[in-house]
Every structure is written in structure tokens, then in C-alpha cells.
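Two complexes are shown next, each including chain A; its partner changes from chain B in the first to chain C in the second.
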Partner chain A sequence: MSGPRLLAGPDLGAGAEGYADHVRRLGPTTLAGRALIEALVRSGVTGRGGASFPAGLKWRALAATSKGSAVIVVNGAEGEPQSHKDRLLMRTRPHLILDGAFLAARTLRAASVVVYVGEEHRAAYAAMERALRERPEAERRVARMAAAPHRYVAGESSAAVHLIDGGIATPTTTPPHSRERGVAAAPTLMQNVETLAHIALIARYGDAWYRSMGRRGAAGTLMVTIAGGVKKPGVLEIEAGITIGEAVAMAGGLSEPAAAVLLGGYFGAWMPAVKAWELPLDAEALRAGGLGLGCGVIGVQPASRCGVCDTARIMRYLAEESSAQCGPCFFGLRALSDACSRVAERGTNRDDMARLKRWAVEVQGRGACKHPDGAVMFLRSALSTFSDEFASHPAHWRQQPA
Partner chain B sequence: MKTEMRLTIDRIKCDGHGLCAELLPELIRLDDWGYPIIASAPIPERLASLAQRAVATCPVLALALRRESRPR
Partner chain C sequence: MSDTILWYTTRGAGAVSMILLSAVVVLGVLSSLRFHSAGWPRFLTPALHRNLALMTLVFLALHVVTAVVDPFTHLGWVAAIVPFSSYYHTVWLGLGTIAFELLVAIAVTSLLRDVIGQAAWRAIHWLAYASWPVAVIHGFGTGTDALSAWFVVLSIVCVVSVTIAIVYRLLQPPADPLASARGEFRSGVSRRPNQ
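Let's look at the complex of A and B:
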């Protein structure tokens, strides 16, 4: 089989595939229990929320600690502003996601399933809620919806647990990790919606089938969002391991000359376009080069835009999205954002450049969650990718839409 | 087995009072906003009692000592 897997089936424009159609098209899942966990380990399927952690290992660890009280959190918060793949999947293939969630519940002997969807993704939320109502009674009984507040950090796992338990989507101090002590103090499996959908197919066709797609040593398919300077921006399901250049060609090619690519969204990294075109879209290969796939956002930066101004705008956003709990994140990101904005608005000055470089290192690793780390890694990649622009930025804030 | 002690900090609890850096400048300095930057290396024997004092003095109990055992 080639072509799309998660997005196979009825036309996406027709909206959510109903439960009866879904079951008729795909049939029941065949793998369960330990056999499923081992198939997931062999498949190499990794988390698609951003961390790219091997799902099989996560399930194995949880199977060992669950004593019938575990909780499955279906993570559809999708707080990354440029990412659209999770909401597209929820809107069109909700039952693939729920198959994965209830497989997890049975395999890991979970007591409940929480479907956690970004409140701003109204169509996706409604589709998941409707899909849940179509499931068999035994599944419906243990599942509920929870709305993720429209905040960048709401999808972070400790923040999700905090919201589900206490109504506030702010990260908490770890350890304990939610895997050991999560929702209602029970071991909790936090899994991105796309990951669960892949698992629903692996449970039908096996790990060898999963690995039968994928190039340059990568396995399976990936959902990515291609944004910015391409002719047909949007969500694509691609074969894992194709290059960024090949993915851009699938999105209709460049709409104008490109200068850089922001890979992985605001939690990701900038790189020069010429370097990006050759990079394979594969979490493992990217990690070997010190990069990350993140949630699969490929932002193509046209040469006509100013990288310094865009970086300043995104740093402002990330500073405002700090949950204001940890000093180094709250004060540090605000100071970094202010320094970036000064360079963007008034032009390069030596003091601000020195501060940016120093703070971008000092803030690293000093928050309860990874929000400050993501922000300074993003900034450091900007300082290196746009080093010429930062070194001699004129006093302007280029008027361009965000 | 060798026991190593390290300082850890609860970043959410920490309010940047800065007492720890005053007591233990060898291992803790403050950033531009008054929040501690802690050396990641194990605490040398000669500073162990000062480290314990820094932990006890933290007004919000954000600082802690973590004991780690590792094979020699």
C-alpha cells in the first residue's frame, strides 16, 4: 500500500467519517494486549505531539505501573499556532483516534479516557464529541471531553493533567511525571491524536505493514503542516523520511524565493533554506543533527520577509504565553522579547545583541516545564540563521502580517 | 558506591529572594532578575554544611538537596 494512510477513505471535504462507515471500511482491530505493545515497539512509531518519544516504550512503562486505575489522555490541544494537522484529523477521522484511545484503555487497563481538545478548535471539538457519542456503551461510559484553554502551554503534559484535575492549564513541577502520577494521581498515558490514529492502524495491519512505508530508514507516514511561502499551504500526510524539499514540492512548490525554514513551529528551530531542502522528515535522523521534527510544522520563510522582525514577533508571543510561574521564564522571556523588539524597531545595537546571546544561554533549563527552553532554542537558531540580519538590522519594524 | 549531593530547585516555588546565593556564592549566582543559577556539579565536601544551611534558609522551601548514589 502507498499513499495516505490516516487520511485514506472518504473525501476530507465530507467532514467526519461516522462510526458505521469507519467500521465498515477498516474492520475491527486484531492486535491487543502485550502483542500490541510489542508491535508498537517494533514499529518504531513515535509521539507526534512534539517530543517524538517512542509510543511502544511509553505503553510498556505504563503497562507495568497501571493497576487498573490508569487514565488515557487523548491530546488534541494543538496549541502550536502554525500547526493544523491535529485538528484536521479530529475533524475528519475522529474514530481512528478513538480506536487508538480505547485500545490504549483496554491494553493498559485504564479506568478512564479523557479527550482533551483545544477550545478554539470548535469544529474539531464538536467532531470528537459527536464521535464519542457514536461509540459502544462500554466505551462511552469511561470517556469524557475536556476543553484545553487557548494557551500555548496547555498541551504540555503536566499542564493538561493540571487542567483536567483542577481546572488550571499551567504546568506543574516534575517529577512526578504524569506517566507515574497524572490525572487523579493515577498513572497517565498522554498521547497525541495523530499517534493514536497510527496505533489504530498498526493494531489492524501490524508493525511490518507500518514499516513498509518510509524512506531513508524512516518508518510509516507523518502528518505535517506546510505554512508560509508555498503555493498550496496546508496539511499533508507524507511518507516519513522524505526531504523537506520533497514535501515543499508536494505543497505546490515555492511561491517565491525562500530564505529560511522554521521547522517544528515556535518550539522548533530556524535553518537556512538551502540546508533545509536536504533534511529528511524523520525524528531520529533530525535528532542526530541536533534538530527536531516537533509537531511537524514546516514554515517556509520567503526572502522578502525580515527574519529579525518575524523572530521579534514570535518571541513576543512566546513571552506572553509564559504561564508566569517561574521567574527565569516570566522575566527572562519578557526581557529577551523586549531586546528583540528594540533591535527590530530601532536597529541593531551592541548591548542588546550581547544580552540576547547571554540570556539565551542562561534561561535554558530553568523552568518547571520546557517552555523557556523551547523559546531560547528558537531564539538561538534565529541568531545563527539570521546572523547577518541581526548584525546590521536597520531601524524598522517591517509592516507585514503575522 | 559513592554518594553525591546536588542542589535542586523548585522553579515554581522560587521567588528570587536570593539568600541562597549570599550563603553559597561558590555554587549559586543570581541572574539579572534575581533568580538563582545553580552549578550542576556535585557539591564538594567542604561546602556540604553551607549547602544545608542554604536549603534551610530558603524562605519558600524551594531549594533542596538531592542525594545520588553511583558506583565508583
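Let's look at the complex of A and C:
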């Protein structure tokens, strides 16, 4: 079997697939309990929110600690500005996601399910809310919706727990990880909506079926968002392990010559287009090269755009998205963003370049959450990918925000 | 070793300890003001506070050990550990013992801050406000030099410095540079009460 899996079925333009149609098309799930957890481990399916953590291992750990009190958080906050795959899935296949969530609730003996969706994704929120009302009474009773504030850090797992518990979506210090002590101090499974949808299919067809797709040693399919200089930007479900070049071809190919690729969104890394083209879209293989799939955003940077200016714009965004809790993040990212903007606006100067290089290292690891770390890794990748541009940037601000 | 050297060391180390401890208290009092300038980065205040505090303990140890081992005094180790157990200046010397033990408690809990948690550490750190005046009174009551001009001037300088620091700090508004930004962010992400 090839072709899309999560996005198979009725035309996506028709909106959310209803519960009756969903059950008629896919039938009931067959795997449950211990067998399901072991199938997930064997499948190798990983978390699609950005961390690419093996879902099976997460479930195994939760199963050991849950004493009937665990909480399942369906993470559809999707705060990454360029990513659209989660909201597309929520809008079109909500029951696949909910299947995964309630499978988790039964398998891990959870007390409740919280569907956490970005408040700005109105259509996705409404689709999930409507889908929840279509579920059987026993499932509806334990589930509720929660709106994620429209901020970058709101999808971070401790921020999600903080919102659901305390009403404020700011990250808190870890440990304890939400896996051990999350919502209402109970062990909490925080799982991205796409991951849950894959799990709903593995529970029907098994791990061998899941692995039957995937190239270069990778397993299954991935949802990616291709943005920037391609002919048909948007969300695609691709076979895991295909290269970025192949994925770009699926998006209609380049609309103009490409200089670089931003892989994984604003929490990801820049790389030269020639290097990116051969990279397989597979979390494990990318990690071996010090990279990450993140939330699956492939941002194609056309050669006509200025990498320095775009980096400065994104650094400004990340600095403004600091939750102002930790000084090194709040002040450090602002200082880095200011230095980056000065290079973009007034041209390269030796002082600011030295500051960027020094501070990009000093901020690392000094926040309660990973926000500052992600921002400086993004910046460091920009400094190396656009090293020529940074070295001799003229005084201009070539582009307004895309 | 000559008894006189021990005696001078006890007095000298005691005086140095008072200066150092006063400086530590001043830096501690002012640390929440988050003062910084081009020549004085912010980390300097807490770093100096900590290093001077450790140095104070070194001089205090010297002060206590030389006093006890001095054969002339016959103080004994018990007097150094149990307050008010000394035959000599029972009250004044006992205050010194108390001040020293409070400082040791503060130092130990500071080193174990990650283990005992921020709240417990902070509660015990408030004892510094008890330790410092007790130590100064101990100096006035026990000190051989208490009435000599140089020691009186030194003590007055220390007391005045700490007093100025405390008054200054109490008059300053809280200087959390993140307070307004954090408040703004929180009001943006707050969904209280029930969303």
C-alpha cells in the first residue's frame, strides 16, 4: 500500500470526516493494551510535535506509572508560524486523532482527555469540538477542550500543563517532566495530534503495516509543511525517508532558484540548499547529523531573498515570544535580535558580529524551558549557512515580512 | 608558638571578620536592587557576596581556633560550640558563638540550596539579619580592643554602612526588570478563571 495514510479517504476540501463515515471507512481498532504498546515500540513511530521522541517508549513509561489517574493531552496548539499540518489534520480527520487519544486513555488507564488546540486555529478548534460531541457517551464524559493562547511557547508541554491547571500558558521548570507530574500532578501523556492519528492506524493494521512504507530505513509517513519558494506550498503527507529534494518536487518543484532551507521551523536550523536536497526526511537519520525534523516545516529560501534580513526578522519574533520569566532568555534574545537587526539595517560591523557569536553560545541552556536554546541554535545555523552574507551585508532591510 | 602571637591573631581575625561580614551584609542587602553599570556587571554583586562570605568563615575559623588553643585563655572547645558555657565573659562570648553558628547554618544551606529548595534556603538566609548585629555586640562586649579608638571607628563605619544599605534598600521600589514584561506576557496567555 502506498499513497497517503492519514489523509486517505474523502476529499480534504469536504472538511471534517464525520464519526459515522470514519467508522464505516476504517472499522474498529483491533489492538489494545500491552499488545498495542509493544506494536508502537516496534513500529518506531515518533512524536511529531518537534521532539521526535519514540511514542512507544513514552506509552510504556506512562503505563508503568499510571494508576488510573493519568491524563492524556492531545496537543494541537501548533504555535510554529509556518506549520499548518496539525490544523489541516484537525480540520479534516478529527476522529483519527480522537481514536488515538481514547486508545491512549484506555491503554494507559487515564482519567481524562484534554484536547488542547490553538485559539487562533478557529476552524480546527470547531472541528475538534464537533468531533468530540459525535463520540460515544463514555468517551465524551472524560474529554474536554482547552484553548491554547496564540503564543509560540504555548504548545511546550509544561506550558500546556500550566494552562490546563493554572490558566496561564507559561512554561515551568522541568524536571519534573509532565510525563511524571503533569496535569493535576498526575502522569500526563502529551502527544501531538499527528502522532495520535498514526497510532489510530497502527492499532488497526499493526506495526508491520506501518513499516511497510518508508525509505532508506525510515518507517511510515510524515506530514510536512512546505513553505517558501516552491510552486505549490502547503501540507503534504510524504513517505518517511524521502529526501528534501523529492519532497520539494512533490510540492511542484522550485518556483525560483533556492539558496537555503530552514528545516524544522523557527526552532530548526538553516542549511545550504545543496546540502538539504540530499537529506532524508527521517528524524533518526537527521539526528545522526546533528539536525532535527522538528514539526516538519521545510522552508525553502529563494536566492532572491536576503538570509540576513529574514534571520533578523525571525530572531525579533523569537525574542518577543519569550515569556519574560528567565533573564538570559528575555534579555539575551532581545540583545541578539537587536544586534542582528543592526547588521540587517545598517550593514555588517565587526562589533555586532562578535556579539552575535559570543552571546549565541552564552544564552544556551540558561532558560527554564528550551526557548532560548532553540533560538540560538537557529541563529548559529544562520551564521554558518549565511556566513558570506553576514560577513558583507550592505546597509539595507531588503524585505518586509513575508 | 608564642602565646602573644595567638592572642594578636585572635583579635586581628575578629576585627577582619567584622569588616568582611559587614561587607557581605551590605552586598546581600543591595543584591535585590540588581545594580549594574558598564564597569560593574550584575553578576558581580552576588559573586562578591558569596566569595566574601566564604572568606569571612575562614577568618572566623582563625578567630575561634586561635582563641581556643591559646593556653592563656583556658576557654576549651565546648565554649566555642555551646553558647553561654564559657566562664569568661559568659554572655558576650556566648553571643559570638551564636553569631558564628548562625553563619555556618547560612553557609551550609547555601551550599545545599539545590537539595533543600529555594523557600527553605531563603528562610534560613534571613538569619543573617540576626547574626550580624549579634556578632557586632560580641565584639563590643568581649573585645580587648573594644575601647581603643581604631576599633570604635571601625565598628561605627561597619554599623553605619549596613544601616545606610538597609535604609536605601527599603526606600527603593522593587527592581525586577522583568516584572512589567512578564505581567504583559501573562495577561496575554492567561485564561483564568474557567475558559
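The definition used in the following text is that the second predicted complex is superposed on the first by the 399 of 402 C-alpha atoms of A that agree within 3 Å, B and C clash if a C-alpha of one lies under 4 Å from a C-alpha of the other, contacts with A are read in each partner's own complex, and residues count from 1 in each chain.
Operating definition for what follows: a residue touches a chain if its C-beta (ideal position, glycine included) is under 8 Å from a C-beta of that chain, and two chains touch if they have at least 3 such contacts.
Source: prediction; values computed, not measured.
> In the superposed model on chain A, is it clash or fit for chain B and chain C?
Because the two structures are overlaid on the shared chain, the partners are seen to clash.
> Examine A:Ala169 and indicate which partner it touches, taking first as chain B and second as chain C; both and neither are also allowed.
The answer is second: A:Ala169 touches chain C but not chain B.
> Touching A:Arg366 in the superposition: chain B (first), chain C (second), both, neither?
first
> Pick one for A:Ala147: touches chain B only (first), chain C only (second), both, or neither.
second
> Mind working out whether A:Gly79 is in touch with chain B, chain C, both or neither, as first, second, both or neither?
In the superposed model, A:Gly79 contacts neither chain B nor chain C.
> For A:Pro328, using the defined touch cut-off, is the partner it touches chain B, chain C, both, or neither? Pick first, second, both or neither.
It touches chain B, and chain C stays clear.
> Which one of 8-16, 44-52 or 80-88 is the stretch of chain C that crashes into chain B?
None of the options clash except 44-52.
> What residues on chain A does chain C touch that chain B touches too?
In chain A, residues 325, 327, 331 are touched by chain B and also by chain C.
> Sort out for me which residues of chain C touch chain A in the complex.
Touch list, chain C to chain A: 177-178, 181-182, 184-186, 188-193, 195.
> So in the complex, the part of chain A that touches chain C is made up of which residues?
It is residues 146-147, 149, 151, 154, 159, 163, 166-170, 322-325, 327, 330-331 of chain A that touch chain C.
> Using the touch definition up top, name the residues of chain B that touch chain A in the complex.
Against chain A, chain B makes touches at 10-16, 31-35, 37.
> Note which residues of chain A are touching chain B in the complex, please.
Residue list for chain A touching chain B: 172-173, 325-329, 331-332, 335, 359, 362-363, 366-368.
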